[in-house]
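The two complexes that follow have chain A in common; it is paired with chain B in the first and with chain C in the second.
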Partner chain A sequence: MTAARDVDVLVIGGGMAGAVAALAARSRGAAVVLVRRAPGATALSSGAISVAPDLGALPGEPLASRRSPVEAAQRLAAAWRDHPYAVAGVERLAEALAFAAAELGQVLAPPLDRRRFLATLYGSAVGAGLCQHATVDGDLLAVRGTLAVAGFRGHAAFDAPLVAAGLARYRPRGGPEVRAIELDLPALAPGAARPHELALALDRPGAAEALGDALRAALPAGAGAALFPPVLGLDPAARVLARIRERAGVPVAETLSDVPSVPGLRLHRAIEARLAEVGVEVVQADVAAAPAPGEPVRLGDRELRAAAWILATGRFVGGGIARRGVLAEPALRLPVQAAEGRDAGVQLALRPAASLTVRDRRRPQPLLSAGLRVDGALRPQDERGRPVHPRLFAAGAVLGGHEQATDGTGLGVAILTGFLAGRAAAGGG
Partner chain B sequence: MADAYDVIVLGGGVNGAGVARDCAMRGLRVLLLEKADFGVGASGNSSGMIHGGIRYMLSDRSVTALACRDSGYIQRIAPHLLFRIPFLMPFASRKEGATLVERATWYATEVYVGTYDLFQPLKRGKPSTRLSAEELYVLEPGLRRGLAGVVTLDEWGIDAFRLCTLNALDAAARGADVRTWTEARELLREGGRVRGVRFRDVLTGEEGEARAPVVFNATGAWSPALARRNGARVPMRPGKGVHLTLDRRFSNYGVICAAVDGRQMFLMPHERESIIGTTDDDYYGDPDDLEATNDEIEYLFEGAASLVPGVRDARITRAWCGVRTTLFEYGANEDALSREHQLHDGAADGLAGLLSFVGGKLASYRAQAEEATDRILELLGRPHGTCRTHEVPLPGGDEVPDPALLAKDGLVAAPVAARLVYRHGSRAREVLRLVADDPRLGLVLCRDEGILAAEVVHCARHEKVRRLQDLRRRCRVGLGACAGVDCARIAAQLAGRELGWDADRIRAELADLLDQGWRERRAVLDGAQLAQEELVRGATGLLEVPW
Partner chain C sequence: MASPGALVYLAWRALVAHPLKRLFRQRGSGLDRFRAAYVSEGLVPTRLDDRAVAQAASACIACGLCETGCELARATPAVRALGLHAAFRLYARSFADLPLAADALEACAGCTGCDALCPTRVPISSVVAHLRAASRRGAG
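Now for the complex of A and B:
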């Protein structure tokens, strides 16, 4: 057997946190290997990255919020002391967001200094600090003229009249006029009702053009933009939105997605493409009970040694944290000891599920926010609060103390902590 | 003022719905009030078995006979809704050091099951057989090693939520006024008699009064509180029963196992899942505030794993519970309490005309309803007339279409047609007509549970759906292993279109549906189910943005 190969940084996990970490280290010239098992929760994300909720905004009136995402993150960090924003600090959040948007520029649009207000499938709007190109022209504060919400005949999963009626409520807060329209999908096979099937069909030559023609014919007078369900192509290179727009003559956007998520899959593709482009080596392997940075680690059929490791394995969907009776971190067997909510308390990992959850589903759930505790430099801590290893870092959902589904940060924590960990692992700033 | 009704039935469980149907069939003017939805209490949260009650054979042979005969009738009136579940009762091996007592137990069990065979023809059950260890492990290789053999026992399963719903729907079809999400706030009384109820629609806030000379109280675990509020008493021993649902079938047959304290319990295949049941403990808490505890979950899971070790790899998808009402008795432990039923007359408390139902079993609901209806007619001073609930089919029960033939038209795949027939019987044809008229309603919302978009529309139109969570009980929306990630939003849109919900109401209904599921899952979050929960919360994270 050959001797272990040496690289600078090993990133474990290929979601948003791992990708941003790898790209951040690579952009500082480090030799980076990224090992991942499978697409994780990032591929299931909605297409927008909230970054931070505006805790002072009026409930039900998202468009009334004018606080910038970074400012909102500062407030959040001040209010929730166990949150990764508070632990890592948000001083470099704007830099991290700009970095991620630039690196993944194939799908992500450059951030504004305000949040964009994007439509959901439920006919509501949410504020996003970062979003995909596919949603930019659906920003409710940017639409000039009537917003046409376009449903597909035969596609029961998207209720255009419902979305339109929901969005029309934001008119007094600066939202556009909204109208629902219905289009035929002549080029698609009947029964192609699943989102990714529609998206694949639209990637094909001619399909987007046909849809653009159908849209132009159905547009109401004074239409300024058209909003579609989140199925406008899987392959960013297929330029589905641009092709529709060229034929229809108006800007085109998608709503945000639920699961399964075409925008999530698109983001995953863009991450893969960018990692390959900048020369981050991606290895598909399972890492369990690995040693420590500086030690050789076995990845599938090869052995590797890296001076710095970044653990970005996600939480339960990603597999970074698992529970079989007790909570554990399977890759390096680090202690799981951080969680959100006053009921978290001691012995987090060992307590039964019923006592790590609270009745009100909307409240912070210690069990769902469980993960690693890290110091200010994002180094996981042992039970006594000391860094496990000086060159071991962690990023993203594997960090405890927050739950992205309910705290309104989306992939913001992944981007910030991935960026900081990547730069720290590469040395320098 | 003339009374608008002859009888007001409180409670939309199997007893309330069954009585409402029987009363309506015998020509009474009926109002049924249910404060939530059909079957939300003990009925829907029972084991879902139309069994003959072999457990009660030693103490209450009459309960067994009644249950078996009525099980046969229920098969006649709702043939689509029942499915056979053969049970295996295992014997431990001699090699494990069988004592004389144990051998005596085997012998007694055979006699016991043999006696039960006498009742089996009443419910189209097959007679018991004794299987050797060799035969046993061919049938059920997953059982723990070292068993000496089993005796078989034939029982039937049912969708208890739909059984309640069908009874209530049939009552409505025969002229009864049926109101769900309508709570009886107070009994109206006049000179020692009950004269009706004051009620409130919990969704609209609308209040009203209805007058009738008889009020039939079938509110189950809620009975004591209702009675107390009105100065009466309904004695009972409420008992909490917990079940676990596993994500898949772990056995081909139901198996009887012993819990850590020696109590009998079971693991059985039920539709696409397995159910482990059940606990039985006195419960004097709030029946509206019921959740399974860690102890109960551990108790059931370990009991099942002691006989079927493979369940340790299972994903527990839900822990659900109900409060059964049993007749009051002091000094008996829960298992020994009678499953007999009783009609408690309120006359002694100065509430003549109030008839409260206590105890009983799901499998005997029809006979219980017949007896109660007889009593109601007596209180009204009318002749009994002829009860026909044992021969007139429930809605959809007149015929069980062949799913393969239904699928031949190409509107739906055969497995979906099978689930549709199971839930709707002959009315599956009506659901498929919706697909023929509008092909987009052929969308399968959940491939696991076989939920069709058209089925959601059909239920919303014809099955007294008022909230999204009602669809959990009509057609299993949000109830499967994925907790609604696939089906919930689209079901809400479809139902919303039928019921006139706006975008805010749809989001509120979805949030409420998630709340229902969370209550049943939060104590069992482990392994893959915990990852699933994270996915559910992520997928619905945009639903209720608090900022």
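Now for the complex of A and C:
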């Protein structure tokens, strides 16, 4: 066996938090290895990154929200002491978002000062602090002219009239005029094709052009943009949006997605491509019961030693937090905290996982906010509140204190904490 | 206290009638008799390895990521509509429903492209191989 190789930073986890952490450390010149075992929850993303919901906006009136994502995050951090935005501080949130958008610029569009309002599959609008290029021209406040919602005949997963009727509700708040149209899928794929099959079919030469021609023929008078189901290509290099636009003569966009999610897969692929491009070595392996930073760790068939580690293993989907009777952190066996009301503690996490849910689903659910407790430098703490190791950092959904799956801050937290942890692990700010 | 008549009847059954029946009416082993009674209903016995597979499959969150790595060269309409995780869901609900997923299971070419895609670490290809064997056993 060869001796353990030395690198500067080891990132455990390949979702958004791990990727941004690896890229942030790499951009400071550190030698970075990222280990992951499979795509995580990031590959299930809808295509929108909400960053922080505007708690002051009425649920039925998303377009009435005028508070920027960064301002909303500041308010959220002030109201919620355990939230990672409060623990890590949101001073560098705008910088982190711009960094992620630039690094993953193949799919992510640069952020604006305001939210973009993007259509869902069901005709509602969602405010997004960061989004993919494929959705930018569907921003309800940016469409000039009529928005044509284009469905495919026989495609059961998308109902253009339903989406159009839903989006027409936002007209009084500055949304566009909306019309539904239906197109045939010329020689693409059977109508019942799954989303990723449609997306792959559109990547091929000729397919997006044919769709652009069909769209041009069906566009209503005064159309300013066309909105498609979320299947507009898996490979950003195939330029599906631009090819449709060249033939149709109007900007095109897609709605946000449900799972299985083409935008999520696209984001996952872009992350992998960017990591390879900048020279972050990606290893596919499982990490369990690892030692501490500075000590050799076994990754599959090789051994590695890194001065700093970043734990970005996600929560329940990614496997960063496991429910094995009690809540546990399997990679390094760190203590897990859960919060009930205002009391957060390790003791709570030692209760059976099933006892950490409450019947009233609008109340905070301790199980859903379970994760690691970290200090201001994102270092996981032990039971007594001291850092476990000076060079061990954590980022993303593995951090506790927020209901990452439902509170609308999931990928925003991943980007901010990934950025901060990556910079800290590489040394210097 | 039971009546003396009932006790005498039970003693006669236990000491005379039942041993005589065991001696002269051989119907195979207990497993054979269990199968004769239940397999016709689609209920085959749950073995230890079945249990392990069921536990591994129960981590499925039906996210569909596995299907993006699935070639399914001989895909049937059933697979196209629901995907292979339909087999997982049918199996989780009731073993007797497994034959409904038989076409989908038979369509799997066993390429193992799905295994590395599962976020919750379900060993998909081995679960599918096991369910296919179970569905063949049940059908036979």
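Convention: the second predicted complex is superposed on the first by the 413 of 429 C-alpha atoms of A that agree within 3 Å, B and C clash if a C-alpha of one lies under 4 Å from a C-alpha of the other, contacts with A are read in each partner's own complex, and residues count from 1 in each chain.
By definition in this document, contacts are C-beta pairs under 8 Å (C-beta built on N, C-alpha and C of every residue); 3 or more make two chains touch, one makes a residue touch a chain.
Since the model is a prediction, treat every value here as computed from it, not as a measurement.
Undergrad: Quick check on the chain A-based superposition: chain B and chain C, clash or fit?
TA: In the superposition, chain B runs into chain C.
Undergrad: Where does A:Ala41 make contact in the superposed view: on chain B (first), on chain C (second), on both, or on neither?
TA: After superposing on A, A:Ala41 lies in contact with both chain B and chain C.
Undergrad: Does chain A have more residues touched by chain B or by chain C?
TA: Larger number of chain A residues touched: B.
Undergrad: Now for A:Arg384: first (chain B), second (chain C), both, or neither, which partner does it touch?
TA: Neither chain B nor chain C is touched by A:Arg384.
Undergrad: Is A:Arg81 touching anything from chain B or chain C once the two structures are fitted on A? First, second, both or neither.
TA: Neither partner.
Undergrad: First (chain B), second (chain C), both or neither: which does A:Leu367 touch?
TA: Only chain B is touched by A:Leu367; chain C is not.
Undergrad: Which of the two partners, first being chain B and second being chain C, lies in contact with A:Gln284: first, second, both, or neither?
TA: Touch partner of A:Gln284: chain C, not chain B.
Undergrad: I'd like to know which partner A:Val259 touches here: chain B for first, chain C for second, both or neither.
TA: In the superposed model, A:Val259 contacts both chain B and chain C.
Undergrad: With the two complexes overlaid, spot the stretch of chain B among 131-139, 185-193 or 203-211 whose C-alpha atoms clash with chain C.
TA: The overlap with chain C comes from chain B residues 131-139.
Undergrad: Once the two structures are fitted together, what part of chain A is touched by chain B and by chain C alike?
TA: 41, 44, 259, 317, 319
Undergrad: Using the touch rule from the top, collect the residues of chain A that touch chain C in their complex.
TA: Against chain C, the touching part of chain A is residues 37-41, 43-44, 192, 194, 196, 259-260, 265, 284, 317-319.
Undergrad: What part of chain C is in contact with chain A in the complex they form?
TA: Those residues of chain C that touch chain A are 61, 63-65, 67-68, 80-81, 83, 116-121.
Undergrad: Would you mind writing out the residues of chain B in touch with chain A in their complex?
TA: 291, 293-294, 297, 439-441, 443, 453, 485, 489-490, 493-494, 496-497, 502-504, 506-507, 510, 514-515, 518-519, 522-527, 530-531, 533-535, 537-547
Undergrad: Could you list, by residue number, the parts of chain A that touch chain B in their complex?
TA: My answer: residues 41, 44-46, 53-55, 57, 59, 62, 65, 120-124, 126-127, 153-157, 159, 162-163, 165-166, 169, 190, 193, 256, 258-259, 315-317, 319, 322-325, 352-355, 357, 359, 361-362, 365, 367-368, 403-406, 408.
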